[in-house]
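Each chain gets a letter, A, B and C, in the order it is written, and its residues are counted from 1.
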Amino acid sequence: MRMWAQSHLCQKRPRVWSVLAVAFALIFLIAASSQSATALPAFARKYGLRCSACHESWPALNNFGLKFRDNGYQLMNDRDAPIWQNPGYWPVTFRITPIWHRVSSNQTVDVYTPGNPVPTGSTIERITSSGFDLSGLDFHTGGTLEKNISFYVLPSSDPTAAFHFESVMARIDNIAGSPWLNIKVGRFELNNLLSEKRILTLTANGGIYQTYHFIPVGDGNIYGQMGDNQFGTEYVGHSVDDRTRVSAALLSSNDGNVNLVTGGNNYSGFFTFDQGVDVGRLGVDRLGAYAFVGEAATYYRTNGGVPIPGSGIGNKGFSRVGFTGQFYFGPHFDVNVVTQHGEDNPWFGQGYGNPVSPSNGSEGATCTSSVPAPGCTLNNSPGTTLPAGSRSPVWNGYLVEARYVYSPQLIFLGRYEAERMSQQATPGTPSNLGNVSNYVIGYRYNPYMTSRSGFAYHGEFNLFHQDGTGPNNSAGNATNINSSELLFGIDFDF
Amino acid sequence: MRAKQLLLTVLVLLVCSSLMFAGTVSGRVTYTGTPVKAKPIDMSKEPSCAKQHATPVTTETVVTGPNNGLENVVVYISSGAPDDSQVPSQAVTFEQKGCQYIPHVLVMHTNQELKIVNDDQTSHNIHPLAKVNREWNKSQPPGTPPIVDKYEKPEFISVKCNVHPWMHGEFAVLTTNHYDVSKGGGDFKLPNLPPGKYTITAWHEDYGTQTADVTITGNETKEQNFTFKAKAY
Amino acid sequence: MRLISAILFIAMLEFAVAAGLTPLACGQDVPDVGPKPPLAVKAMESHIGDLTGHSADAKNNYRRYCVGCHGEYGDSNGENAIWLDPKPRDFSIATFKCRSTPTGTLPTDEDLFKSIGRGFTNSNMPIWNTLGRQERADLVAYIKIFSPRWSNEKAGEPIKIPPEPPVTIESIAHGKALFTKLECWKCHGPHGEGDGPSAATLTDSKDNPIRPYNFALGRDDSRFKCGSTNQDIYKIFMTGVDGTPMPSFADVIQPNDAWDLVHFLRTLQVHRHSKENEVLSAAHGVIPPYVDKTPAPTAAPADNKTPGGGQ
């Protein structure tokens, strides 16, 4: 379920509220998004291969699984079309994870004096909750409709069983018999070498790549989300052995939302390239680069003060570029690296761009003309000017994920992510405001490995730190977020 | 002179003794129960063979004779014979005629030359399904020279022609030269056996294997019969 | 607080690992596929070009990629094998389809290396060209441990393939004459569509039904089980496809005549753009009758002792 981050009201409000709002939104957004795309026993059943053939440790892909995916979920032995399957074969896999977890974070809490039902003040307390819980449910269906025509449909629900379409795509593969020509249309995950949809972790902050979702504090650009599934069309080309891979996608800047609620004419592009190199005994290493460049609206025409959906203009630009690397050190150990240099237009930096109504009472409701609201979003209407000295928020981040694959059934991993602002949008803002450091360690143990179902004992611990976005202390200064999550679960799919 | 005479005498004595003392094991191989009826083979897909048989030939997996005799049973000395390592210099021949293998069961010694000839107007492919020896598969059109090969290890090998699926034969590759294949009423004979203790094995391609121990002391003919239980299908 | 978290974490970890190991100890429920043969040998090597493969280095990869079909003992009794057609290769009998060596002999290491990287079309054997070359070489060494033949026998001598002569309509005509004379059509059918009189009753060496190759289905991207080039076709019928009904014709075709047969077979792939089809359409799609211009041979020996001898 897409959650709109709370944004600024037209009046000036204390910075703390907007900061808090973004932080909450981020956490809610992350927690609410389900675990999408994973090992598909449906593929294993179709081809008789064990999960370990395509997955380094499911759900993360190895080179063979990456080629299978790049071929449009085809093995390319002329047995891919559905006519080769028993008519009873239905390419559906479901995945869900019952968990136990313990979440801990600092929050502002009202103070009560005895006898007085009205709070007399507030303080910052560490609130810890634990208990049994659930992840969302994914229904994956994907594969081939015919030889060289692939599809993927992923209805996905949050833990409350509210469904949305995480992924819906059709792909024409190997046009003119060439692996260099594949076109995909729909809503799909971006072609990141390190895929968030096949991430090995499940906690709220550790189960996503912070690098793919980072938004500076107060920034209204919700469109540069590399980790979200986006609407668009994608070209992919790869060599026959999948050593060289290149892609270019044209996306709508609507962060995967349906019904054209954002702009009249805002598009972005996502480009990737990577090259695999055979390094003898060590394996096959990959080096690559990506660029997510685009523009999104900052001005929505209004009717009675309410923004008209789909009327967004006033496009401003943004970019996320970086390098990717996958380094194998023999059959047991590998390291994945992603770097990012991000820049948003100063308008985004000041909070423009995100058409959300905070004043109609329901958190995260999209601005529509049927929802009465006095003022809606921070709107770049004609005549609006930026505060003096406004700058582009610029940041650099990187992600390092190390994996120890004891066997195809047991993997240990550790990940560190750092996002560091190098230029804040508003001069005078502390230079480290919004900086993120994220630590994850975990393991997954698959007690069996067949081609019928997947089952993993999952254990994970995550420490999330962000500068200056925590609750304010008694002196009115923003503290840092230091939240942790310990999670154990049984992750299974069929 | 005396030494030479002595040597000659000893040699003659030895030869005579082996000739003098050479027993025989003979007997009958029979079956009990009711064997599967041999089915007629439809060779209409190969007219050049079909016309060679006035009445259709029948399957040869189980071939019976008078008095419950069982044919095509390979009876051989499986242990005890001293001269078994000798490889005969003569080749054995496996013939494809009328889209049948003649003989149905061909016995040979390991490393003995095997000659396969095609006397038909059609191509055959020879496909001995060896599991211990090498499995090979060769095409043999009509009018081409015989295929010559040999087998190094003892094994009972099914032979088939893929083009004519009804063709089925057996190679029995043995490490002995004392063997016979039961014929007629299931009769077999193993002559020229010097005195000693022997194990005799009888093998049928469908009914399995049986063994018996026989001792030869001189010139006698020992009778040894084998009875196999017929299978219903 | 941190300490308690850490203790809890470790406790849960141990619990989870123990819980996970229990079903493993109890054994995995797989269909009963018969008694397990012991492994034939301890360690083997392979040599492909400048690469040396070691079986010990492939153990993890075999388990990851291969064991589901080929089985823990390489005898094609992987848990998925019962649902596959064609069945996975049984390494324990060391009979291989795609070789450059004569029928009944072991393939070269390079033959196996190529088979792994090429995959087998119309089967469940994937194209493992994503594995590094060293990884593939190690796997070639690994599959040798399943059969004692690799220790007792040397690989066969690769057949000599003469250079391919030009594609001419005469070559195609000769190929067609050979196709008829050698009775390929008995299984492959007169148009190579896999519908010959014997096609329906064909079984492989394990008595599984099998169909002959249907040339008419071949398009521009089509492959054979053992490759996709003219040279590969040459090797297929000159070494036979061991384990299947397809025999070797090495004793009955002269090497140069074999190229004519290759050219004719390409014309059976009517939907494929090939030099042979170009030549055929230049001749208006008509293959003329073959005129044998070779001089009559002198008296041939009645009997040929060496298996490799020809007509």
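Heads up, the rule we're going with is that a contact is a pair of C-beta atoms (placed from the backbone, for glycine too) under 8 Å apart; a residue touches a chain by one contact, two chains touch by 3 or more.
Because the structure is predicted, anything quoted here is derived from the model rather than measured.
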Chain whose Cα mean lies nearest the overall Cα mean: C
Chain pair with the most C-beta contacts: A-C
CA centroid of chain A to CA centroid of chain B, Å: 75
Distance from chain C to chain B - Cα centre to Cα centre, in angstrom: 34
Centroid distance [mean C-alpha coordinates] between chain C and chain A, Å: 44
Interface hub residues of chain A, defined as touching at least two other chains: none
Touching residues on chain C, where the partner in the complex is chain A: 5, 8-9, 12-13, 16-17, 19-24, 28, 57, 60-61, 63-65, 67-69, 79-81, 83-84, 119-135, 220-222
Residue numbers on chain C that touch chain B, as the complex places them: 93, 95, 102-105, 181-183, 186-187, 197-198, 201-203, 205, 240, 242-252, 300-307, 309, 311
Chain C partner contacts - residues on chain B that touch it in the complex: 45, 115, 122-123, 125-127, 129, 131, 134-141, 144-149, 162-165
Parts of chain A lying in touch with chain C, wherever the complex brings them together: 47-50, 52-53, 62-64, 66-67, 75-79, 102, 177, 240-242, 278-281, 283-284, 331-332, 407-408, 443, 445, 447-448, 450-451, 457, 459, 461, 484, 486, 488
